[in-house]
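Below are structures written as structure tokens.
In the two complexes below, subunit A is the common chain; its partner is subunit B in one and subunit C in the other.
The block that comes next holds the complex of A and B.
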């Protein structure tokens, strides 16, 4: 900025004024590429993502990959809707998944043999989405004067209410009048849902590839819409509301109405995702939308990891979390992730370098020593099999004790591991660093003998650990902007 | 001149504490009125009553001939009353320009649907909001210009945050500006500048101004009329000289002993 020498100098903080020159610039080709990338508008990146995603079913015919891709896209849609309520308007909505379930059931009721109605897809989807938007309004109405914790509790209650009603909806009557009727199918859900049928083109049953493209197109269109809303009058008002509701109200923004709109828009996007979900899976069950299914937590994890309030973060968060969850299903992959995480954390946090070396070498040596002693004293203690093959597997086999029946000893070791970690947090200095050596070895032992054989639980623990590590390193999320509070 | 804002026998209590009692006050069109008084006198509560943050227990607030009873704060703002906050309440994580643009909400129309469709009307409105924000920010000379537009509000210095609050308030296109301690925390040069600025707000912006201020140099420099409050009661009203020499005002600020020895 050209500064006029005659303009008043007091209050113009020179340090801030010269920030351009101070900013470090990467030199060479990398710097040029970085600067050019920063100048590109976000839709260019969205388009790049769209093209990359559209290629996936073309390069692979692996049904599993396409199904995971479809799931990821549905997660992205959910995160996109949640981003309005949580990311923009700052309202903690813990009943969000109920909108998804409501719409999935809504589509199932309008297009399945359940009630013998088979609506046209292009009629059913708008009706279901509008109904979900209205439900969003209804939930938001009593909640609109609540903030923070109270809103979270009320919406959580609503989410559980939805689950309870649909899970037990096989004998429903209106206030006890008339004969009880089967409305939701109870725990058996609604099967045989109609496939999408658009302009005469019917999608075949379980044709995930087609639904992948349907979800991708819906997501890209909504993403572009949200990009435009983000920079509009309503987007600014939502963000003002998140920053300071009282100031927003006093600057002329109708805070209550804006909250209602945010809730309803979020619900509408979840509703659209719900119809695709129902048609693609051909059946819906209430338990899929229960709190214990983890769906809500996973969507929140995606939003927070990507950076609440960031549209690019929605894409990245859903990709990272869902692909991590899938990769971790395989014990071999999970083992690699586990040991890499530990090593990376140590490298990042342990200083000086000498201690890093001591802990690494010490742990390896400690392991071989223990292994040698156990081999001599209790041969059955090393007869188990490593869960992962290859070099890592054979390395682990000769380093970690692998008893032939690891169940009981694994459980006991797990408890000791938790205790050891607690003790570790109480220690300081060189004692703590030395204590790390047996603790790390114990962790490896517990992993190999107990955790790795329960992938369904372990993968959630691991994703939790990844989240904790990332949020420590980058609290604003991968693509979020850091938020500052001035006190 | 007609009164733009008129308070009639206004009262407000919190629990058993009477914060404002039987207050009559009027601000004429084009006037600059200062409210002074010791801490806890009820000055900020007065602002909160006028802007609708709290409903008054008794009494009436009339703005431009119409009662404000039962209106939400955003409706009051839309009718032409805007304020700044003593404890700054900017949208800290939004850019300087966005802060001002957000405040244009009450006199603009385009909703979500038009934003997604990018209708010509919406684009015209968006351009107008942008120009309005730039014009409001340029009021402060170089202080909030150039690269600062795209910086987050938290990166501003304290004095600049106060200026941004004023810019944001004026973006609601108000007739009456309520400034809550605009010179608090400023150095002498900046305080002098604020004094000039408040005068310019009336001359160039055409706003009527009600201001709470502790700095007596500022009050002396800007006020057409001064109102002194103590314990929610109006204890004096008149020109700066009249109020500053009023024994009850001296007593309220310095205590009875000082007042009697004067």
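The block that comes next holds the complex of A and C.
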């Protein structure tokens, strides 16, 4: 993968190129374990994941942990559906979250005091999911003849349309005819949604543990189904469509039908997730599904990080992204994670060891030097508070500059940090490594003064960065297979 | 209102004032969309890439203009004459927007030129999201206002002319439309007559063939990004002049509308982008005036779907032929 981007890509075949590497077996006990693990079929890992996940609510009674677990499972479901559309069929669906929202609202309308309708869950869910699938068909229909780019723009606009209609649906009339009626509750959303009730059994309000298991069972069943679809005729056809739509068509595949099916299947899974979401949270608001909420980008980041087209990647991506985003909420944890991550990345990527040492020692020394100068020249520059307590906090306080009013200087430093990182990617060799030292310090400064203070913005910035960096550095994600390109 | 009997549908006499007001608003909005759409269309023509970050360049341009107002003492106590201020605003916004566009191309898209189509699209989404939230971090989430009504006692709005039906058009709206026309004519002449423009057309027609003919494709792409993004920066200032408000997420919706304008007009086609921009601007403002502001999105979506079904390659676009 690490080839010069400007070199000609003619005849690149990564699968063949890495043939030797794959033949090399690791020696010793680790090699044996690795070989055996590779030989196991994937469902074994899914089962292991299912068991591990099922244990979580049993070992902890912490409501927060279970809620985060439920959110992660919902994200996994979303990523699983998106994996069909984006990962298998290669269609860029940017209105995906609208299907999720449509189904959440659909369930809310069929089972809440809003219209006085209280459908049984076993009736409401299929109706909502089928409606969502049909909506998916409708959205994909106009762009089925066109290239993927048009689909992206139609779906993106559809997502925006969904948001404005539901956000303003408190006086809705059909094109100005008839009396305006309150359909979606407008910005107030729909509250007091019914809990799931199956055969008279009812899940108690805000019983996240129960919903956790519901979501887990749905996810595992769908995961198994996807594993089978992946190897089925349709699954292979989708992947060939992704790799080369023209070739697929020439091979006699019903390209349009395959696209529509992929799109509708993705929408259907999002719909299923939406019903669980609505019931578990007992209220839905349109703003949760808006582009600015970042939901769409977060699901994309999960899918891409795990590796589009990989089922294990869906699990891993959702786990990594959602848990990191949750950790960011607490400044104390976030600071630990930030410095650990930076150190781990350096240790993993920086060779030879001598340079690793130089960069580490250099950054620490550079920090103390800057701190000493600032203390002498501008005492107010070190009077702020570190976001984390304990040893790390007091250590940081004598290393990072913490101005008493960090707002403006932190913002300027953020812009400089972005520029510095960009410049860093242009440099090579020892210049790059030396330039790392002030950049790392600048990063620590910006982190402590601005980013950790505003976690809600920082997490969205990081999601954007994940997408850009991954696409440039490792487009196949963590578990995806890299593209075999034969020209 | 119809409390006893169901109200019979009645059609009020034609309200010319409303009609002309919406016409003016539609043309002004359309001009801004057209400028953004031009950049979208240029980049798409050359790289076949939907640059989702284009709308955010427009946002950055708008904020640069706002920053310059602040530097010169704020809207109500400007230290310079309006014309000098406007000149500096446009210069800085276009330069800043252009440089930002070039940076995005260099650092985010260049490595992905030969990657599968979906990779640069997702990157563009990431860039867009990064810019929006970085702007929110640095500039704050709140709305800011150009407050062009307050510049030198409202000079830009009091002066102007009056259309039939008593609709007053301020100088600032004239500036928006006239400025857009000037920029578009300039761009057309540039693309048609200069050597670089010719190189751009050649590159968008067939990148590999252009490279074989000795055209420096990298340079052409950088120039395209610079010009397209500079237009977006100018559009940001125009929007501030006419509609006052700037905020970090303004680029998302405006970019979306502009992109639809480009698609409706025929993507990759410069006059098409202008036509599409005007059409979308008019559709939006008339649906705001006559239906409801909340559902203007639905009307624009309807226009998009209708065009895509009837003429998939856009109003002025040519149908693409896929060759193997």
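Couple of notes before you dig in:
Simple rule for what comes next: the second predicted complex is superposed on the first by the 394 of 487 C-alpha atoms of A that agree within 3 Å, B and C clash if a C-alpha of one lies under 4 Å from a C-alpha of the other, contacts with A are read in each partner's own complex, and residues count from 1 in each chain.
Going forward, a contact is a pair of C-beta atoms (placed from the backbone, for glycine too) under 8 Å apart; a residue touches a chain by one contact, two chains touch by 3 or more.
Small disclaimer: the values here were computed from a predicted structure and weren't measured.
Look at A:454: by the touch rule set out above, it reaches subunit C but stays clear of subunit B.
In the superposed three-chain model, the partner touching more residues of subunit A is C, compared with the other of subunit B and subunit C.
Of the two partner chains placed around the shared chain by superposition, subunit B is the only one that A:229 touches, whereas subunit C remains out of contact.
In the superposition on chain A, contact of A:251 is made with subunit B only, not with subunit C.
Looking at the shared chain after the overlay, A:481 reaches subunit B, while subunit C stays out of its contact range.
Contacts of A:294 after superposition on the shared chain: subunit C is touched, whereas subunit B is not.
Shared interface residues of subunit A (contacting subunit B in one complex, subunit C in the other): 246, 483.
Note for the complex: subunit B touches subunit A at residues 51, 53, 72-74, 77-78, 82-83, 85, 89-94, 98, 101-108, 110-112, 115-116, 118, 122, 125-126, 129, 141-143, 145-148, 152, 154-155, 157, 159-160, 168-169, 172, 187, 189-190, 193.
Residues 5, 9, 86, 90, 92, 94, 142-143, 145-150, 152-154, 156-158, 160-161, 164-165, 167-168, 175-176, 246, 291-292, 294, 297, 300-301, 304, 411, 414-415, 418, 422, 425, 450-451, 454, 457-458, 460-461, 463-468, 471-472, 475, 483 of subunit A are the ones that touch subunit C when the two sit in their complex. Within the complex, the subunit A residues that touch subunit B are 1, 3-4, 7-8, 10-13, 16, 19-20, 225, 228-229, 232-237, 239-240, 243-244, 246-255, 261, 265, 481, 483-486. Residues of subunit C that touch subunit A in their complex: 44, 48, 50, 103, 107-108, 110-112, 114-123, 125-134, 136-139, 141, 249, 252-253, 256, 259-260, 263, 291-292, 294-295, 297-298, 300-301, 304-305, 308-309, 312, 320, 322, 324.
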